[in-house]
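Questions regarding the structure given below will be posed in turn.
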């Protein structure tokens, strides 16, 4: 396998202007995040709201500049950050499409920015629209004429037209009706079968992740708790946080599960994350050492491919 | 809060400094020769002194240099002489400012109850006929040219009916308060007509918002009478942010005062500035405009501070 | 594939009512706005007809005739004559051309400045935004009328213009338009900034950025077309304000200078006329009032018609 994108020790902080009444604060959205996305794989990012999933997706697509650390694009991506073949699919299919543009122009926009002639790019837009299951005459309509699921198809078409190697999909299903969700999921699978493409699939729905992902990254308060293949993660979760997450999803939780591990308490604020292991305020296994020492992301016992950041990992 | 106040004060001082420069440049571009005007405007200047001043300021010396001389003099309290009145400008502008403030305070004192009353009545039944009439009145208020309204009032009440004087300044040396008020009726009416429209639109909007809030629903549920609910709760709630609206309207009112003072012959700041510019009294125009700017800056500053003090969302932070 | 195919049934076959049809319908339901629009159209038509009218009646708006001062209305002079024996109606028609032209051109310039500053501040954010918004605050804090008078008094020949050019009617007209725009842009700038900040955060802008769009592209292609509504509303409302500014300035003698008539300068000497010919003091102001209040009602109508919350 070839690494498509390597994320190396990424930190991303937002300076928060506390107004005139308070000191300037720093919101640590991502701390020491390292992982890679391989060619032709679906890597899922899971975590609760505010854990930094969107921030991570934006950093990889170049919308946010890291505070420190590197995001390196592999040979397949030309290594050049200016024209990184990354595209985004967003959660909200309504604000994702410019209401003043015709669908054909929306889909063709990435080509327009590459300087492709209008006739040529509209031709390609028709083709891609068909690939995502919309009739070509959609091109001459405006977004408000389409339903949420149809709009998400349009957004996917726009992402596909530039032939990206990586699509960052930020909770692309969570704004849709359940029946539509499976259609979009099928579409994403079909696209994956037809071409060599990787997905960075951001979700907090472990059911969907179970269905789609090759590997999974678990984020908590901007830090990686665990990285593992789907099989390992769901069969033998190593990190107490992962275990707690799985606990809350009955239909896929199977195998060994200790009782009483469901998540309790509130997520601490990323303005002042807890010292030591960031999860210790909610961890059923927390010991004194957890409050002092940040656990490193290391292989779980006997499973070299499964990395987990816990002093007492399984 | 202290830090914020300090920050805003420093900022206002800086803005004022920039304004002195901009106004100096602008006034320097008025017709005529400012140095000539300055010399003319000071009877104390002997020909010998005049020659020295010419050397000091220098006809043909570039404006920025002249500005520097002016600024250093101003910091020592020397604001120059008026060429129009042959007196130091501050001596003229002091009473003028007082006159204008009287006019503005009278207008505000009238406008607040009037806008609260009309705004509250309009908000009772949005879309009803009372609301329609009051809204039309508000539109008229922001659409009336106030110089024309002044003329019409003079024609009707002074010329045709003869009830009220057309002049805003009594002739008596030391006019009684009653006489002063009598002469102020028309000018204050014009200014109130001009000021009440925006205020009442604001009161109406904020009343409608408050009336539909949970807070008022609770008050109603407690069985309080409708009058109590409106007067004690909704109106009072609308009153707090009105402080800021008032202060922000200060600059607008000052502009209106200029026109009204000119037409009714009131020796206020507005008329002073107007005459100074018309007759190219460099010093008087400059200091008058600066004073006017200070007044509006201070009112804006107070508005911001009041907002920061009163608005719970900000103080909570 | 079947799951995908079933979804195709939902594609609308004919476009629904366009947003513009909806807005027009909502505007037309607003009686005061429609009446105001009709008044504006009639007034504009009257002003446009000034020249044909002068030919028809063989009148000259600027030719003085001291034997004809203060004549009452007659068959030739429908509204009588003024203090210099000129036809009042014709001067009102020409004055209206000036007022309306200043209102429209001033608004265009105001909008141009306001949009540039607002988009710039809103799109870039940060220090640029902070600086521009402080600048806006300062301009708002200025006492408008005094500042306008100073600007109106500036001797253009000191700026390097020749005396003849500086006092030509064209230069005087342009100067009014420019100085009013210089103080009036703040409202539109603030509204544009707020709208820009909202649009900038939309995800279609992010998608374009990821595909390589620069600021200029995003502003031109995505931001501007999506903020036309609040700008249109604000601009309509500023037409009325600008007409008032112009008439006040001209009244005070720092705007349009006689003999060119404007509704404002026709009232300049009215203080002396209030006894001898009060009607002369009534007409120009009434027309200003009628125009401005109509513009404001139309603006309010547009605001309501464009507001998505007012749907049904």
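Chains here go by letter, A, B and C, matching the order in which they are written, and residues are numbered from 1 within each.
Please note the rule applied: a residue touches a chain if its C-beta (ideal position, glycine included) is under 8 Å from a C-beta of that chain, and two chains touch if they have at least 3 such contacts.
From a predicted model like this one, the values you see are computed outputs, not experimental measurements.
Q: Determine the chain that sits nearest the middle of the structure, using the mean of its CA atoms as its centre.
A: C
Q: Considering B-C alongside A-C, which chain pair is linked by more C-beta pairs in contact?
A: B-C
Q: Quick check: how many Å separate the C-alpha centres of subunit A and subunit B?
A: Chain centres of subunit A and subunit B, defined by C-alpha means, are spaced 57 Å apart.
Q: Just curious, how far off is subunit C from subunit A if you go by their C-alpha centres, in Å?
A: 49
Q: When the C-alpha atoms of subunit B and subunit C are each averaged to a single point, how far apart are the two points in Å?
A: 24
Q: Sort out for me which residues of subunit C touch subunit B in the complex.
A: Of all residues in subunit C, those touching subunit B are 32, 134, 137-138, 140-147, 149-151, 153-155, 158-159, 240, 244, 247-248, 251-254, 264, 267, 270-271, 274-275, 278, 281-282, 284-286, 288-289, 292-293, 296-297, 300.
Q: Sort out for me which residues of subunit C touch subunit A in the complex.
A: 3-5, 7-8, 10-12, 15-16, 202-204, 206-213, 217, 221-222, 225-226
Q: Report the residues of subunit A in contact with subunit C in the complex, numbered from low to high.
A: These residues of subunit A touch subunit C: 58, 61-63, 82-83, 86-88, 90, 92, 95-101, 106, 109-110, 113-114, 133-135, 137-138, 141-142, 145-147, 149-150, 153, 155, 158-159, 162, 180, 182-183, 186-187.
Q: Over in the complex, which subunit B residues touch subunit C? Could you list them?
A: 11, 15, 18-19, 23, 26-32, 136, 139-140, 142-149, 151-152, 154-155, 158-160, 166, 251-252, 254-256, 258-259, 262-263, 270, 273-274, 277-278, 285, 288-289, 292-293, 295-297, 300
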